[in-house]
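All chains are identified by letter, namely A, B, C and D, in their written order; residue positions are counted from 1 within each chain.
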Amino acid sequence: MIKKVLVANRGEIAVRIIRSCREMDIRTVAVYSDADRRALHVLYADEAFHIGPSPSADSYLNIDNIIKAARLSGADAIHPGYGFLSENADFSQRCKKEGIIFIGPSPSAISMMGDKITARKTMLKAGVPVVPGTDDRITSDEQAVKVIKETGFPVMIKASAGGGGKGMRLVSREADIRSALRSARSEAKTAFGDDSVFIEKYIESPHHIEFQILADSHGNIVQLFERECSIQRRHQKIIEETPSPILNPEMRKKMGDDAITAARAVDYEGAGTVEFIVDRDRNYYFLEMNTRLQVEHPITERVVGVDLVKEQINIANGKPLRLRQKELKQHGHAIEFRVYAEDPENNFMPAPGVVTHIDIPYGVGVRVDGSIYEGFEIPLYYDPLIAKLIVWGKDRKDALERSRRALKEFKIAGVRNNLLFLGGILRSEGFVKGEYTTHYIDENRDILMKNEKCEDHCEDIVIITAFMEYLQKVKKASPKEMTAIKNNWKDYSRVRSVLKL
Amino acid sequence: MSYEVKLNDRLARVEVINQDGNQLLVSVDGKEYELDFVQIGKGSYSILHKNRSYNVELIPVNGIKRYQAHTLQNSFDVEIIDAESKYIASRKREHDAADEAVISSPIPGRVVSIMVSEGETVEAGQSLVIISAMKMESEFRAPRAGKVISVMVTEGQSVEARQELVLLEYS
Amino acid sequence: MIKKVLVANRGEIAVRIIRSCREMDIRTVAVYSDADRRALHVLYADEAFHIGPSPSADSYLNIDNIIKAARLSGADAIHPGYGFLSENADFSQRCKKEGIIFIGPSPSAISMMGDKITARKTMLKAGVPVVPGTDDRITSDEQAVKVIKETGFPVMIKASAGGGGKGMRLVSREADIRSALRSARSEAKTAFGDDSVFIEKYIESPHHIEFQILADSHGNIVQLFERECSIQRRHQKIIEETPSPILNPEMRKKMGDDAITAARAVDYEGAGTVEFIVDRDRNYYFLEMNTRLQVEHPITERVVGVDLVKEQINIANGKPLRLRQKELKQHGHAIEFRVYAEDPENNFMPAPGVVTHIDIPYGVGVRVDGSIYEGFEIPLYYDPLIAKLIVWGKDRKDALERSRRALKEFKIAGVRNNLLFLGGILRSEGFVKGEYTTHYIDENRDILMKNEKCEDHCEDIVIITAFMEYLQKVKKASPKEMTAIKNNWKDYSRVRSVLKL
Amino acid sequence: MSYEVKLNDRLARVEVINQDGNQLLVSVDGKEYELDFVQIGKGSYSILHKNRSYNVELIPVNGIKRYQAHTLQNSFDVEIIDAESKYIASRKREHDAADEAVISSPIPGRVVSIMVSEGETVEAGQSLVIISAMKMESEFRAPRAGKVISVMVTEGQSVEARQELVLLEYS
C-alpha cells in the first residue's frame, strides 16, 4: 500500500491531490521551484523539496531532481497531476526503474496515446471512429501541400506530440499552407520538442465532448460519462459541464462504449479521458486520449459521486475497481468555471501579480479548488489558472441559477482575472440555451465582454464610498506616507521623460 | 469642499454635506444622498440608502487615490481626482497627441520574437514583438501607422513589467 | 409568484436563505437589531430594515416591527428560518391576515405540533407510536408526584410548549421531583411564556433520529429520509449524519411512512421534521415535529440532492412537489458539524467577541455555511452557532476521512470555539464505529477533550515562530505602541488592586 | 540573548544563534534547529525543517507577547516571557496564595440568579451566581470552601466582561 506520495506538480491540482492523500492518511511531499517557496502546495504538504530554478524546464520538468526528491523523502509513489510530466512516458518509465509507483498509466499506453498518429492508427484498428485525414507524419512542405489538397479545405495541421491546443493551425486556402505549417511546427518544437505534424479534415462548428474512464490492473474498465468542453478560447477550455446539453442516452452509451474500447486498445490502467469531436450532424470522432487527470475532473466527481484521485491511488495500489458500470449514474448537473489570472479587456494578456483580496463563494452546491491566498504573488512562469469554481444543481437550469449566484460572490483583487468574463458567458443566450460550439466565444466576443448593468444608485454609492475612504486616509496619512505621495510626482517626471525620449 | 471622482469613464463631482456618526449626507453631481454608512473592515463598507443594502469593497491600487471597487454585482475602477491627478492627466493628453510612442509590455515575460527592424515602416495593427508569459504568447502591435525608430530588446531576453520594447514615430 | 422575501432571522440561516432566493431571482429583505448592523445577512441582502434593540424580544421576536418592515419593503413573503418566530402560530396567523405569504405551515399545524400534549394525542390517534406517559398537562406538584410514581422512574418532565431541550428535566428518584418540576417550569416560562409540563417515561440510551418531510398544498407528501442526531450536549445537537448508522432499510421505510402519517394528521404544508426517539431494542417513538427548517437540513440536501429552501418557496407558491417518493434515494453519506462560539475548556461557556482570523476548508465534498467574517464581532445576545461544516463522502468511512481533513483545515481565531472538541468526537472510537447514543458526550467527556498529539518537532517550531514574530514586532514598535505596552502595566496595577480589594 | 517562551504549560528557553535571509539557526532548550523560515502573510509563516513543512499562524492576544498559534494539526497558547511578564506572574502567584478571591464572569451577560447571600458559608463547588449569555446559562461556583464577603451584583442586572460578581474569603 502506498504510504507517501510525492506530487510532481504545483498550483490547484497539487493542493487538490494532497487533500485526497490526507483523507486516505497518506503522507505527502511537495516539490517547488525558486518561484514557489510560498506557494500553497508547499505550505499544505507534509514535506517540501526544492527542485530547481523557476522556469519549468529546470524544475517541474526536471526528472532527475524530482526522482531525487522522491528518494530523499522515501516517497513510494509519484502523482504527476496534469500538464508538466503527466503524459511523459520517459518519466513513467523512470519511476518504474527506480521502484517508485507512477500514479498513472504504463509508459507504453502514454506513448501510444501521446503520439497522435499512433493513436489514430490504433483507434482505427480498434473500430473507434477517427476524423478523416493522414495516418502518417508529414515531413516536408511539399507533402503537406499535396495531402491538404487531397483532403480538401478546411484542414487542421496538428502536432503529432500535441495536446492543450499547442501546435495546431487551421488552413482554409492554399496560400496559407506554408506559413501555418511553419508556425505549427515551431510551436510544437517549443512545446513538445518534436516538430512532426499531421493533417486532419477540419470539423466545422464542432462540439468537444470527452469521456472519463477508470481502468484497474485487473482488466476492469468503467466510463464515468461525458464532459461537454466546447466553451473554449484559443483551444483552451474555460467552462465545462456535465451532462452535455446535446447528448441523448443512446449516443452517451455508444460514445461511452467507444471510450472503453479506446482505453482497452492500449491496455490502459488508471484514470484517463477519451476526447471526441462531434459535428453538426452528431457524428463523433476520436480526437485524442489524455492519459492523466483532467483540469475539469471535479464536475464528474460531483455528478457521479466519486473522488477520482482516490480511485487513481487505489488502482495504483493494485486494488480492483469497486465501481460497477451498471450502478453508475449521473445525478444532477455540474458546471466548472476556470478562473484565470488574465486580462479579458486587454486581449486576455496573462496577469501575474500579488493577490490583495479574495471573496470566495460558499453554501449549497458550491465547491472551490484553488491555489491562491491573500498576499500570494502569482508567478509569471506557469499556467495562469488560479482557481476553479464547481457548481452543482439538480438539473441544468438549477446549476445555471446557482452559478450566477456563486460567480457574483467570487471576487479576486490585485490581479486582473476573468471572473466578469465568465459571468458574461454564463448570462449569454447561447450558453443559457445550451446551444454552443467551440466557436461560441469567438462568435460572441462583444456580447460576452459586457459588464452587467449597475442596479439603482450603485455607481454613485461606489463613488461616495471611495471618496470617504480617501478622505479618511488623507486624514490619517503619516508624514512618511505623505513623502510616498510626493515621490509619485517624481516617478511621474521620470516616466514622462521616457515617454518623450 | 468638493472633489472630482472618476468611475470607469464617468467623472463625477462629490461633496460631503454633513456627517453625524453613521449618518452621512453627501451629494454626487448635485444629487443628494442620505446614507447609513458603516465601515465593516479594511476597505470594506456597508451602506444603506433608503433601506437598499450596498456592500462595497475597495482595494487600493498604488497609493490612496485609485481603487478597484467591488459590489456584489459589479466591479469598477475608481480614482479620486486632486490637483496632482489633474496635472498628470493634462500631461497624458499632451503625450497622446505626440507623434512618438514607446510600446511596452505591461507584464514581465520573455521576448519570443521581434518582427520588425529599425527604420522599417509599419501599418496600424502590424505585429511588432511577441512576449511569452504564463505559457501564453502575447503580440504587441503598432497602434497607428509609422516608422520604427528603435527596437530596445533582443529575442530570448527577459523583460520586466513596463519595460520598453519598441519606439515608434507615427506618420 | 413570490418576488420579494423578508427573512425574519439572522446568522447563518438568514444568509443561507438569501442565497437560494438569489438563485431563484427573488429579491431579499434582511431585518436587524442594534447589535446586527454589521451582520453578514444585512450586508448580503438586497435591502435591510432596522427592527429594534439588541435583545431578541425587542427585535427578532417583535412581530409588529417585522410586519412593518415587510410592508415598507413590499415583501410578498416572509421566511422565518429556524428559532425565533419560526414556530409561532400567532406570527403565521398575522402574516395571513396581512396578506403576506408565510413560508411555512398553517397556524393550526404549528399550534397542534407546538403544544406537545396536543401533538401526543394527535399522533396516538393517527397510529404513530409515542413514548409512554401522560396525555394531559400537569398543573400541580401533587398531580406530578402521583403521575410520576405511576409511570415509574426514571421519567422526563417536559415543557408542553417545549423544544430545543428547554424546560426538560430528568427525574430518577422521588426526592428530586419537586425541584425538577420547579426548574423545568421556570425555564419553560422564560423560554416559551407557558409553564405547563407533562411527563414521559425516560428512554435510556436512546438514539435521536429525525425524518425530513416535504408536503405541498395539493396533498402530496414525501419523506427525504433520516438524520441521526444523537451527538448532543445538554440536549443541543452538535454533529448530525445521514444515513443513520443504526437504521436498516425496513426500519427506515417504516419510520418514514410514520413521518408522513404524522404530517398528514395535521394537514401539514411545507418542510418539516418528525423527530423520533429510538431505544436500545430499536423501538421508536414520536418525540415531536419541528414545523420549520432544521439547522441540520444541509446533510439531507447533500445526500438526497435537493435545495430545501427552494422547495419551501415552491410549496409556498402553491406549486405541486416535483419530487416522487419512489425516485428519492440516499446517495453516499453526509455529516454536519456545528461550530459554536463557546469554550469547551471552560465548561462550554459562550464566547462572544471579535473574529480576528478564519481559515475555511475547501475542495471535494466540503460545504460551509456561516455568518462570520474577519473583523466581525459576535454579539452576546443570540445563539452561539457561527458556522456549519457539511462533509460528503461516498460512504460513511469516506465521509469520516474527509471530515478529519476538513476539520483540520478549519481555524477560527479571536473567539473561543469548539473546533478542536468536534475533532475529538470525530476521532473517538464510538463515533468512528457509529456506536453512540445521546449520552455519548457525557460518557466520554475526558477522551473528547484531548488535543491531538503534536507531530515531530511542531511544538518547538511554534515556539520559534512566535518568538521571531515577537522580535520583529519589538523592532518595529513605534513610540505610540511602546506607550500602549506601558499602559498594560497600569492596567495590571488596577486589576491587582481589585483582586486584593 | 535568550528568552523564555511559554507554550500551553511548557516553559522553553529560546535563542537565535544566526539568521541569514530565510536561513535561521535557533535553539530551543538547547536543541538546535536549522530552518528555512519565511513569512507568507501577516502573522503567517512557512517553516521547512529537514524538508518537513510547517505552517504556523499567529493571532495576537492583547499586544505583542501573547498569541494563539495554529498549525494544520494543533492549536496552542503561546506567551513570550520578558521582565514585565515575570513581574506579573510573581504577583499572580501571590494572589493565588491569598485567602480572598473575586469571582468574575469572563463574558458579558445578564444575572439570572444569585444563590448566596453575604455572610453565608459555602462549600467548594457550590453555585454562587448564574449568568445568561447567548441563550446559555452559566453557573459560577466557589473554587474552595469559604464565606461570602460581598455580593456585587443584583438579579436581572447586565454585567460586562470581567465584572466582579462575588467576593469570597476562603476558610
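Keep in mind that, in the parts below, contacts are C-beta pairs under 8 Å (C-beta built on N, C-alpha and C of every residue); 3 or more make two chains touch, one makes a residue touch a chain.
Everything quoted here is computed from the prediction, not taken from an experiment.
Look past chain A and you find the other chains held together by touch in one piece. Looking at A-B and B-C, the interface holding more C-beta pairs in contact is that of A-B.
For the pair chain A and chain B, the distance between C-alpha centroids works out to 30 Å. Rounded to a whole number, the gap between the C-alpha centres of chain B and chain D is 49 angstrom.
In this assembly, the C-alpha centroid of chain A lies 40 Å from the C-alpha centroid of chain C. Looking at chain D, one finds that residues 52, 72 touch two or more other chains.
Shown for chain A are the residues that touch two or more other chains, namely 408. Across the complex, chain A meets chain D through its residues 29-30, 37-38, 42-49, 72-73, 373-376. By the touch criterion given at the top, residues 22, 36, 38, 40-42, 44, 46, 48, 51-53, 55, 72 of chain D touch chain A in their complex.
Residue ranges of chain C in contact with chain A, taken from their complex: 15-16, 19-20, 22-25, 298, 301, 305-307, 310, 331-332, 360, 362-370, 394, 398, 401-402, 404-405, 408. Chain D contributes residues 3, 5, 7, 10, 12, 14, 16, 24, 26, 28-29, 31, 33, 35, 37, 43, 45, 47, 49, 52, 54, 56-59, 62-65, 67-76, 78, 80, 84, 88, 91, 95, 98, 100, 102, 106-109, 133-136, 138, 164, 167 to its touches with chain C in the complex.
Chain contact summary for the complex, chain A toward chain B: residues 341-342, 346-352, 356-357, 359, 380-384, 408-409, 411, 413-414, 420, 451-452, 454-471, 473-474, 477, 481, 484-485, 488-489, 492, 496, 498-501.
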